[in-house]
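Chain nomenclature is as follows: A, B, C and D, assigned in order of appearance, with residue numbering initiated at 1 for each chain independently.
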């Protein structure tokens, strides 16, 4: 799992780390595969991704091209189903029923169940071995808070992987985050690092 | 007819006049995004599925404060940020009053296709399916014709449907339709457009409501 | 639905209002039915409750007595299932599969499904006509924040009812709550009132 | 044998010695609650299912800051509050390392009954079933005998089971058992207790591990 909505809230430093590692045949769960040559788009060019599960690959036209060439498997989910399946995976829910997608091409092969007279689709939980996420501040215990719409998929991914690595703008001392405002409590977080590659108005830069 | 930009603004302005506060409104990508600037009612709050209730016009662009189209936006006083999981809980759970969406095609029962074009490398659905099943009211804003001059209001969609749910209203630069009992009802002609023009440019069957031009 | 974990975080003013109203045959979804003669316990004594759905009625011994006398129907759910069913009801999920309760008396009559080789129980979503909840502060739009462990079931109930009434310690101006720290965004909240009856170290008092 | 209070403290102290940081530990009602005061390791964080990670001893009682037994607690520096729905997501989702629970009965496969007594007006289950399916490790702390002097470690539970999952360890004032392959293994005699005493007071079949008294 890799957080972010496009490049917004994506763990760009961790992704760059992946591009330098000799890893192949990755399955990536992420809303998008970055942009052409940016973020997860670099991994795509390196052909390190075997399969991607997401909701909107259109933001990187190279995904469709790689798909046509048979270089990558894609599983497309409605964005709410993508988020909910991860939430289920993190919360010990094996699967759930949603109305989203009923009667569409994305429902093909999926079980339908009537609940209170309305049709729902069965969707399975999603989990990952590793989640790479982006937050704003962490304390040294691993409690996290986020920044504006860079929050997006990050808190839910933090719950749904065996190993959770969070890239943050700043690591602060324990006690500097209010117990009421922590969004991701530290029990979800395994490793922390400070971001070196960040999204700015001028694009992605090293800071 | 005027330029594409003018057509889009005309449709957006008409859609804005449908909104009444207090309400929570989600705006899709494209024409719907233009709606916000015509809304002055402070009791109308805009929701974006990437995690913000209280979207406003951008003042100073912040790369980490964007809408679902990844365009920079501003944040209203009294706004709230939340995760994608919570945001789609709001959408599916019926907490959004109105969704204004774009469409590639609309069929004559009011169902839309707006996420895929067979044969093209568009592999994305985003939040469209969730908004269609969850929003209390769905308004579609779209140009009446394709670039090739064909009616987007068709007997049946040739592109894959986004949902089995019919939308509630369709606003184009030519006319406004309500959808009642899965039937299109023409309720309004846009300024300078004749009934004959709408008939000629609409493949879908529609009923003529008691409208004023 | 009525918020609170026992009396902690329960909307005591709203509950008192209910005791004064001529309402009967209520179905109450709440973790407990208060304590003997306190909170929802008053409604129980008034015999206004036809059915209660909760996880721990033991904290008010009069519930068991009323049940033995056949005056009240009870539906007992594991606490996590109670919370998750409300979360599903608020998030447009028709039902879900949990491992909690498999093989126990509380699974009797419930569907079992194997997912990835493990048995799960099907649980339906819960919704209510009205949720009475307790928060710490509201702004005039209805955004809510909570206070310590008085948060408990309140945020999830705020999502799962047609009409949501929040009782708070203080109503502040719009802009006084940080957009990052709001727990319940205002779209969930329909009515606000300031608490008149509160829980203190000395018990329940009027303030 | 000493007073009930002493017995409980003895069991709690032994349970505390099983905990090693970093870990997240949920303490049930009764004897488990007593465990916290014997834990000095700052890397051990206590979770309570009513919505707090970072439970500490109470300093000044706040009626709105309580544990799952509704007793006043304190909050650690670096704590976090959350809703019941999120809290049980943590529990079911496998994010709690250790749960220490009480039990009314334990069967010889290590399954416990701790939520209901047939014929009594105890209509409550709380979070016990969730903790048993979700916590990575479950330690049961209980007196070895009922008030009537009968073994709580039985061939089969007569009260309804809390879960089909066997616990990992059982600590009483007489002995410590591990559960391996759904079999009780005696691993330790408590100070001053003989193997003969444990045999005499334990209805459940158990294997004698290589223990030191």
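Definition applied: contacts are C-beta pairs under 8 Å (C-beta built on N, C-alpha and C of every residue); 3 or more make two chains touch, one makes a residue touch a chain.
In this text the structure is predicted, and so the values were computed from the model without any measurement.
Averaging Cα atoms per chain gives one point for each, and the point farthest from that of chain C is the centre of B. Averaging Cα coordinates per chain places chain B and chain C 36 Å apart. For the pair chain C and chain D, the distance between mean C-alpha positions equals 27 Å.
Distance from the chain A centre to the chain C centre is 32 Å, each centre being the mean of its Cα atoms.
Across the assembly, chain C contributes residues 84, 87, 91-93, 98-100, 146-148, 179-180 that each touch 2 or more other chains. Across the assembly, chain D contributes residues 52, 75, 81-82, 88-89, 91-92, 133-134 that each touch 2 or more other chains. Every pair of chains in contact is given here: A-B, A-C, A-D, B-C, C-D. Interface residues of chain A facing chain D in the complex, by the touch rule stated above, are 87, 89-93, 139, 141, 143, 159-160, 174-175, 177, 179-180, 182, 185-188. Contacts from chain D toward chain C in the complex involve residues 48-52, 61-66, 70, 75, 81-85, 87-89, 91-92, 116, 121-130, 133-134, 160-164. Chain A contributes residues 5-6, 8-9, 31, 55-59, 61, 63-65, 67-68, 74, 76-84, 86-87, 98-106, 146-156, 183, 199-201 to its touches with chain B in the complex. Against chain A, in their complex, chain C makes its touches with residues 84, 88, 91-100, 113, 115-116, 118, 120, 124-125, 145-148, 178-181.
Looking at the complex, you find that chain B touches chain C at residues 24, 45, 47, 52-54, 75, 77-82, 88-96, 133-134.
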